Every structure is written in structure tokens, then in C-alpha cells.
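Have a look at this one.
We call the chains A, B, C and D, going by the order they appear; numbering starts again at 1 in every chain.
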């Protein structure tokens, strides 16, 4: 995809492996540095990205092989990140987003992933359907306090 | 592209903008952390990636708009990075690779980019032709001293 | 015989030294984190920790966050899991959490069930106090 | 009137404070780098530096690398460019370069045309020495 719209754009695909969770956080955080984010804003973005990518690995691909894509863009001070997996998808999105709801308590998932994404970003959109993969879109204004 | 071959794989595309030079370095360095690289190895990789990506921006796209792709892969302790641009391409690869040769002295290019890529990586391959873009492939064994 | 403050140096531990170090002393397990506490690290840690709890009769766990600045909901899961395991006879303390980790503890409600101290010394002193009172 | 060790605080400089700071004192320009010296930063710096050299009669440039750990061939180009500009009447010193930056200086041959000191103090003392000898 050619970028004619955004101030800056990047697209990354990587293996669905837990060791890439930290990698995805670094990519997103480092992509934002041009916006001169505060430490708190970086931390918020890292948390939200970590939750979305971990969910793709743990739930989407059930800890098996797969490919995750992440798009980052910046437009007028707003950072957007889209995390996508082609995994099992979410049956009931409304229920999935309830605080503390998890389908993997045996893996010590706390069910707080979506709550954190909502708490730390300005906008959260979840698109998914059974066996259709999952796309998480999150936005956050950077440097809003100025 | 699905990865069935490599121990870890990622592919990233980003805008041809000088602010993304640092971003590309962080992506490559951070992708390697799983191999437990030494500080020197990280520094080598950052330098080589910086040279290749800067060349894509400065020479490939002449500081204008464009898209750069970078693929990183790990197999058996060997890190491979492929930097590609769809820019003007290189007419005479042999001459371009000569130390101190540069077509942009007025931009204070030192002509040392390819020398650094060769010095800091184990392998360097340059594929290019006029108006056909440029693909730089570099390999480095990580943790070789063990 | 158990030496006080014994540091594990089995091969497994050596390998993981980069990500976390632990130490067992008188029923107290001190875990010092060196890498961001996410799902990847949590998965690596939980079986190790549970093994130690069972084998060494641990009833106090202190997790030292002072060297790291990131934890996500997988860290909450890890702490909750250990809490459930030892809550009947022991407790969990968290030390050295920076602002953003404190925020995570707060939003998750974890601050209500674990003790939070500024640093390791405070946590250790407080535990001694607790012992004496009994 | 020029105060000694004056630090520029024009708007332009404030904006760039994150990446580098500079200071001019008695014909000596000290540049302290805060961000990795690549093509992006070099492009930003070279016009600013050349403006200062011309306006303030700078004949000595000291670049302080102690806060950064990365430079690539664009940094070489930046230093070479300034060297060509002032070599007839001045010189360039580099201080605080870590091992990997020193390696870059060596491979590029730059170590033969610039002075290399461990820290700012050494470079300043040496320059004073130079002055006295004349």
C-alpha cells in the first residue's frame, strides 16, 4: 500500500510467537517518537499493543503458528495502530469485551486485555467473526496536553 | 508471505522519510534480541541497516516520496536483513561499491555506505538495475564467539 | 542444608538470568525482574515459581520491579495465579513499581490484595515486623 | 555583547534541544549530541552549524558524543564537511566517543584529521595549552 494520506505510515508482519510481543511494542513505541510522546503516552501505547498482539498469539492462533500484521500511522498528531490476525476470530464480541471475561482462565489470562486497551487508548474498535480473524483498531492523540 | 522456513521472520514497509532511519535501526536491532547479541553485534547491525535505508531514501527515491521494505529473518543463529526500494536503481554496481565513490558529494555523502555494510556484516549482496529499484541483502552470524 | 539467601545457579537459572533472578530465604521467595513482564515472560516464570513454592515451602513472595518499567495484563494474571496458590497461608508483596506499573496495579484492583512497598528493604523490614508480632 | 559560554535559546534551538545542544565561547563551538548521529540529524545540523561558524567566527569545533552511542557514515560526512570548511585556520575535536563510534572513526580514517579526547575537560585543557604555546 502506498501512503498518500498519512504523515507517516508503516506496516509490519511477523510470526505469531510470544517472543515477538516485546518486538511489536518496540516497533509501535519507536514509530511514535516523531510525535515527541511523554513517557506515559509511550507506556500506554506499549500496553495496548502488547494486549492486542498477545491476544492474536494466545487466542487468535491458539499459541500455534500464524502471521500477525500491524499497521501504524500518524495523522495530525493522532497515532493509529491496527493489529490483525487470521485466527479463530471472536464469536461474541460484546461478551469478549466485558471486564474479566476470558476463555482461557487455565492459561492465567486475566480477562483484562480489552479493558486495558480501552483505558490506555482514546478509541478502540474490534472487528471479528468466527473463523474470520480479528482486527483491532486503536487511536490515541499524542501530545494532547500541549 | 507465510514463514515455514525461518526461526523468526518479519517484514516491514515504511515511508521513505529520513525520520524513519532511526526507526528501521530499532526494528532490526530489536528483532535480533532473541539471539542474545553482544552490544558490538547490535551496533554493527544498526550501522549496516542505517546505511542501506539511508541510501534508499537519499539515492533510491532522491529524498522524495516512496516506500521502503525491510525483511528480517533468523535461521540457525544467522540474521538476514533485506532492504528494498523501488527507486532509480544503480547503473554500475561495481563502481557504486568502491570505497569513497558517491554520486551525491554536494549532499555530503561520504561514499562509505557500502564499505560500512561490508565491514560490519558477514555477507553483502547488491541487486539493482537502472530504474528497477535496489535490493540489499546482508547476513551476519550472531553470537559467533560462543 | 539451606544457606541463607541462597541463589540458584542451576543451568536452567543461568539461562534465565537475563530475564529474572530469584532467591529463597526462610520461606521467602524474592524475584527480581530484569525484563518486561508480559505474556512471554509470565509463561516462562510461572512453572518455575510454582516449583519453588512447592519444593521450598515458600509462604511469602516479593516481586521486585525496580529494574523494569513495563507490565501488561499477563503480569496481573501471573500475580493473581500465585496469590490464589498461597493466599491461605502467605502473601505477596510488590516493590519498586514505577508510575505506569502502579497504574496497572490500580486499574486491575491488584493493589487491594498485594502489599506494595517502595523498595526491597521496606518490604523485608515489614515482614520481620510481622513475624515478631506473631 | 557576547557572554562567555552563552547558550542559544532561540525558538529554533529550543525545538532542537532534544537532538543536540550547542554553545559558543571565544571562537570555540561545542556541540553536545543527544540523538543518534545519522543522515536525518546530520541534515538538520549542518546548516545550523555552518551559520554559527560564519556568524560567530568559530575556528574550533568540539563535538561531544558522550551521551550517544551511534553514528553512521552520514556523521562522517558531517564532520568531513566542517573539516573542509575550517581546516585552513581551525580544527575539530571529538570527545566521549564510545567503542563503536571510535571504530567508525578508525575505519573511515577520520581519526587522522580530527583530535580525539576522552572527555570535554581534556579537550578544553588541551586547547588552552595550544593557545598558550602560540
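The working rule: contacts are C-beta pairs under 8 Å (C-beta built on N, C-alpha and C of every residue); 3 or more make two chains touch, one makes a residue touch a chain.
Quick caveat, the model's predicted, so the values are computed rather than measured.
Seen from the Cα centre of chain D, the chain whose own Cα centre is farthest off is C. Each chain gets a centre from the mean of its Cα atoms; for chain B and chain D, those two points are 28 Å apart. Chain centres here are Cα averages; for chain B and chain C they lie 42 Å apart. Mean C-alpha positions place chain C and chain D at a centre distance of 47 Å. Shared interface positions of chain B, defined as residues touching 2 or more other chains, are 19, 22. Along chain C, no residue makes contact with two or more other chains. Viewed as a contact network, the protein chains form an open path, each link joining two chains that touch.
Touching chain A in their complex are the following residues of chain B: 1-3, 6, 8-15, 17, 19-20, 22-23, 26-27, 30-31, 33-34, 67. Touching chain B in their complex are the following residues of chain D: 35-36, 38-40, 42-43, 46, 69-70, 72-74, 76-78, 80-81, 99-100, 104, 107-108.
Contact residues of chain A toward chain C in the complex are 18-19, 21-22, 25, 39-40, 43-44, 46-47, 50-51, 54, 57-58, 107-110, 112-113, 115-116, 119.
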